[in-house]
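So that you can tell them apart, the chains are marked A, B, C, D and E in the order they are listed, and the count of residues begins at 1 in each.
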């Protein structure tokens, strides 16, 4: 158990000394997961709205499918993206494999189902009279959407929190398409907090893993405080 | 890309032939993740209710903390549980390491924050007049809880779906405390679908990984169909 | 201007509207009254394009509003609606009222001004910065009114807009509706369960019953000449007596109601079964004077069976073979020394009796 | 039985109740009336333990109900409440009504029976299997009523229970309330914005204004002898005239109201500034006959300024130096040939004038 | 000889921690059924990175440790966590790289090849990239040893000397995939390379040189540290690995699939691989 205490001390040390390696890894984690969350939000919200407010055959099945994809293992997502972007894959020419971009793509795909699903339930929770009121006030489709989202902002932002949490904490996809590379230049490296944690763990450096885990949670705390602030506005 | 097609064919073959290895692994996945989800539900629902309906100092901070723990990496969860149950850890005497029980514990811990958080938002979405009505009808605490949950059943079951999805798809904790053991007896083995996928991937058997991923998604689909049926009852 | 052409609507197996036909004129205040569950809200929702009729058409200025999805937005922007259970957006009161203006791209300063005016109009000046969710029932309803009115719609749809308000607020809102209708020429359609409100405000009233208009007419027509027994009951005519026409001479008839003969205005031939509708306000109670006779009116002797307070009045029920109720001021009731069991005479003119054919 | 002891409540800076003091007797129907936002709902919620007062106490049978959390459940189980905007559980109508019974462990068969009866009582027999969420506004309100009544509470709290109902349903619910009160001895407290309803049903009325009871009394007291100008206005006394007592002799006084002298019942001394409250129903309109004099009553000449229909009546406003309104049946108005601009006399007794000291 | 009662009431459980590269060859999967049958035991194998596997051993979570990192094994034994090390197999690491071989290292000695790769890499301009496991695994240890033997200070001259040197920080398979993708050089154990060869464009460039030797051992966790540990079966396993039958199995394992063996039996080559005879032959008492 002393590893946990060690982990805390180590985390404190890493943070107060601005350990350059850890700072770079943390920054990369933030950038990648943040970008993935934003992209996923931009897709999931309109998609979720279209599904929730639309009436079409197979709607229930689609919702079921989305819910099923909550269980998509990160490794499978990683593999699929890997096959698509590896040199011999259809998008191989983009040379995305083992780049931060690839990791963003993988995390976006990974969190899309859950964010779409949670968007659907957030929107379905809005009082039907609110929806009718917006329509009756002459909202265009876009105005309607924006205002329903405002009403559902608490739940929508909760879904963003879930998405971000899943993105920044996943490792399977990140390692497969990113490769956990520690190169000397920031841009060529793909080591993020979770892949670094995996590595430290596989090397048996438990305290170091825990320290990195704490750094990750501190980042998550910051993001969540920001989200909560917006939620309660 | 042909690996994907291969994967589908292989999945079909595994399923129609009732491949005994895969069936055992799948069964283990179901048992472990299902148990973890049920235990987590039994904790998260009362806990979420207590937090949502309670008034106490630091409530907002607690909710923030819970939301932050959405980002808990599975590896960190695995490590912490590992430290607790490894032979020299405080619970080492239970000899839980490398057993399915340990995996259940780890998955339960992993999905507790998100299930608690989603329970809180499910409950906070219930019309306050409904809550007042229940109170005014003379509900005891338990009756109150049961009936509010009934009203929020859609969102609560969605949180169960999220929890199950995260449990059955995670690999980091499963591998650390389970060890991905393929022993000759069912009870001693700890290989589940995700750890098997990881292994196959690390051995370069991409089609096999994808086949196992498909099996996993089929299980998830079944669980979700069941959940949806209850939701719409 | 707004034309209902055999509009029908059902929810699953529940047939709510079976064939609503009628017209609302431009600039008119049209009230829809009808029992709970008659489909008043449903009809208003159909007009506001929030639901689609199962059959028939609603036309505004000749345009079938449900026919062309493309035009939905412009049709809707002609209208403002206040829902029966209004919901407020989870933001400030000001923001709530401003929503419709923002949708229409009205400038910030203009929006601020209009919003303030609208809040003042509904008596909520100074509430602008309050969070709308914390308002009382009546306050919310007024916010919803301000929100619908501020966009100055051509057609204002109000679904029981004063249901949660006290009389002072009701009077204020009614004034407002009348003023908007008069000053801006807004066509107003509202549903109400307060018939007197319908009458106070409406140019015309439609009585929705069993999925269709049982009667459409001016308040006076509806209240004094109900088209059927059901309408009569609904508009508060307390005395409805069954009988058969036994004599008839130009315009008046003698109706036999269980042995008691009642003179009534009636166009119906001898032998016709009719319901006689007599407003309790048209009935006087007089001390019993035996042997009095009249040729033209009705004087029926009877026994007082009940005296019930009602507003500043007393409602007195007299058994004259069938029960008849009258409304007296407390003072009059005292002067006449009316008490249960006492003998009195019930006096009313033949013109006060409105006969309808039994359906 | 229920005692309000200086109850106060605020939400943040908004002071809603400042000191409500009063009593509701066992078996009584007590009505709370008051303007929108006065705190009626707040008061009912405090009684039902849904909120906690900031100060003061509410005692039921001597027990301070907010003092002992342990007793909350048993206190609450004495009561049933219908909310102003009732919400239904997302299940069938039957299930909705049965909830309170299930909480009390009533047997299945008993529950079925009671539920069916309750639904029949509110006129929703046959609605049992419907999903409650699809009901109309009025239907939902009736479900809420059935739900609260079926548990046969000792105290029934109704927050504007008929706000969404048509007159026929209102009459039905009112009957029900009276029956429950009479047959089961249930104490009923309800808020309403329909003063006539308060009067029809209540044994006593509390007028909630500015955070406290401005008056508590029998309907008759409140309606004829309002305690203040504000109560007078609120209970619908249309004529309120300011003046100064200039003469006084046992019980009656002469009040100078802007040069016009009015005789009134008044206990106030000379020189006192008073408001005179005169119900429009107490005022008669007579053809103008110059020179008539009376010693006891009031006959004021004036000019008709407005004739407005109101229910089966017309409301006639006459300017006699100050405006006075009277209510006549249409027929009377026609007989008297009343039209705007015509000269008439306004006649009312000194007893019809209720004077209150200006606050 | 057997020290376990051939018909125990309950099956004994044996927990083994092994490095991933060994496990992934499936050699152990091939051997365990034989062992289980023979000793009526149940074998639970946990495969992990070398560091993690050693960690399991240190904490007494397993009974037997199987790794291929001499230096750390020695430390482990010295610290008293392990006893009775026995060497059961060896093979060679290979330096693989793109067929184009931009640094021109084919056929060189390992140290020279590494030097050449570094020189061209640091010079830049060309497409020379070296992907390292970077995970403190046995393979990584070996790589570091070669850098050292070639005269470089690992952390200053190699790590951080430019983008030519990249640490994958993952398992062998993933590292090979990455090297393949980047047309880079990497050091691999032969087993994993053969397993992946079909999917790769990488070719073997250097496979000779003493320094490439890769020696696999098994050892018991010290029962003095963890008294209730499963000593007898652990001994059985170690002895089983050096038994004649198993040594034969090791020699032939993989031939039918890859056309060449993945391992060589250690039994008769103890001199070649630089260990004592006792370490390859003497059963634990």
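As a convention for this text, contacts are C-beta pairs under 8 Å (C-beta built on N, C-alpha and C of every residue); 3 or more make two chains touch, one makes a residue touch a chain.
Composition by chain, UniProt nomenclature: A, B = ABC transporter permease; C, D = Molybdate/tungstate import ATP-binding protein WtpC.
From a predicted model like this one, the values you see are computed outputs, not experimental measurements.
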* To do: List every chain that touches both chain B (ABC transporter permease) and chain C.
  => A, D
* Asked: In terms of CA centroid distance, which chain is the most far removed from chain D?
  -> E
* Most contacted chain pair (by C-beta pair count) -> A-B
* Taking all residue numbers at the chain C/chain D interface, are over half used by both copies (same) or under half (different)? -> same
* **Chain centre separation (chain C, chain D; CA means) in Å** => 22
* Which integer distance in Å separates the CA centroid of chain A (ABC transporter permease) from that of chain D? -> 58
* Distance from the CA centroid of chain C to that of chain E, rounded to the nearest Å? -> 91
* Can you list the residues of chain B (ABC transporter permease) that touch 2 or more other chains? -> 201
* Structure fact -> Note: chain E residues in touch with at least two other chains are 174, 177
* Contacts with two or more other chains, residues of chain C listed in rising order -> 85
* Pairwise chain contacts under the document criterion -> A-B, A-C, A-E, B-D, B-E, C-D
* Structure fact -> In their shared complex, chain C is touched by residues of chain A (ABC transporter permease) numbered 127, 129-130, 132-140, 143, 147, 150-151
* Structure fact -> chain B (ABC transporter permease) contacts chain E in the complex at 86-88, 97-98, 179-185, 188, 199, 201-204
* Contact footprint of chain A (ABC transporter permease) on chain E as seen in their complex -> 48-55, 134-137, 160-163, 165-170, 174, 177-178, 180-182
* Going by the contact rule at the top, pick out the chain E residues touching chain B (ABC transporter permease) in the complex. => 11, 13, 15, 20, 24, 29, 32-33, 36, 42-47, 59-61, 171, 173-174, 177, 195-196, 199, 226
* Asked: Which chain D residues qualify as touching chain C in the complex?
  -> 11, 33-37, 41, 84-85, 134-139, 142, 160, 163-170, 193-196, 199-200, 219-220, 223-224, 233-234, 236, 279, 281-282, 308-313, 329, 331, 352
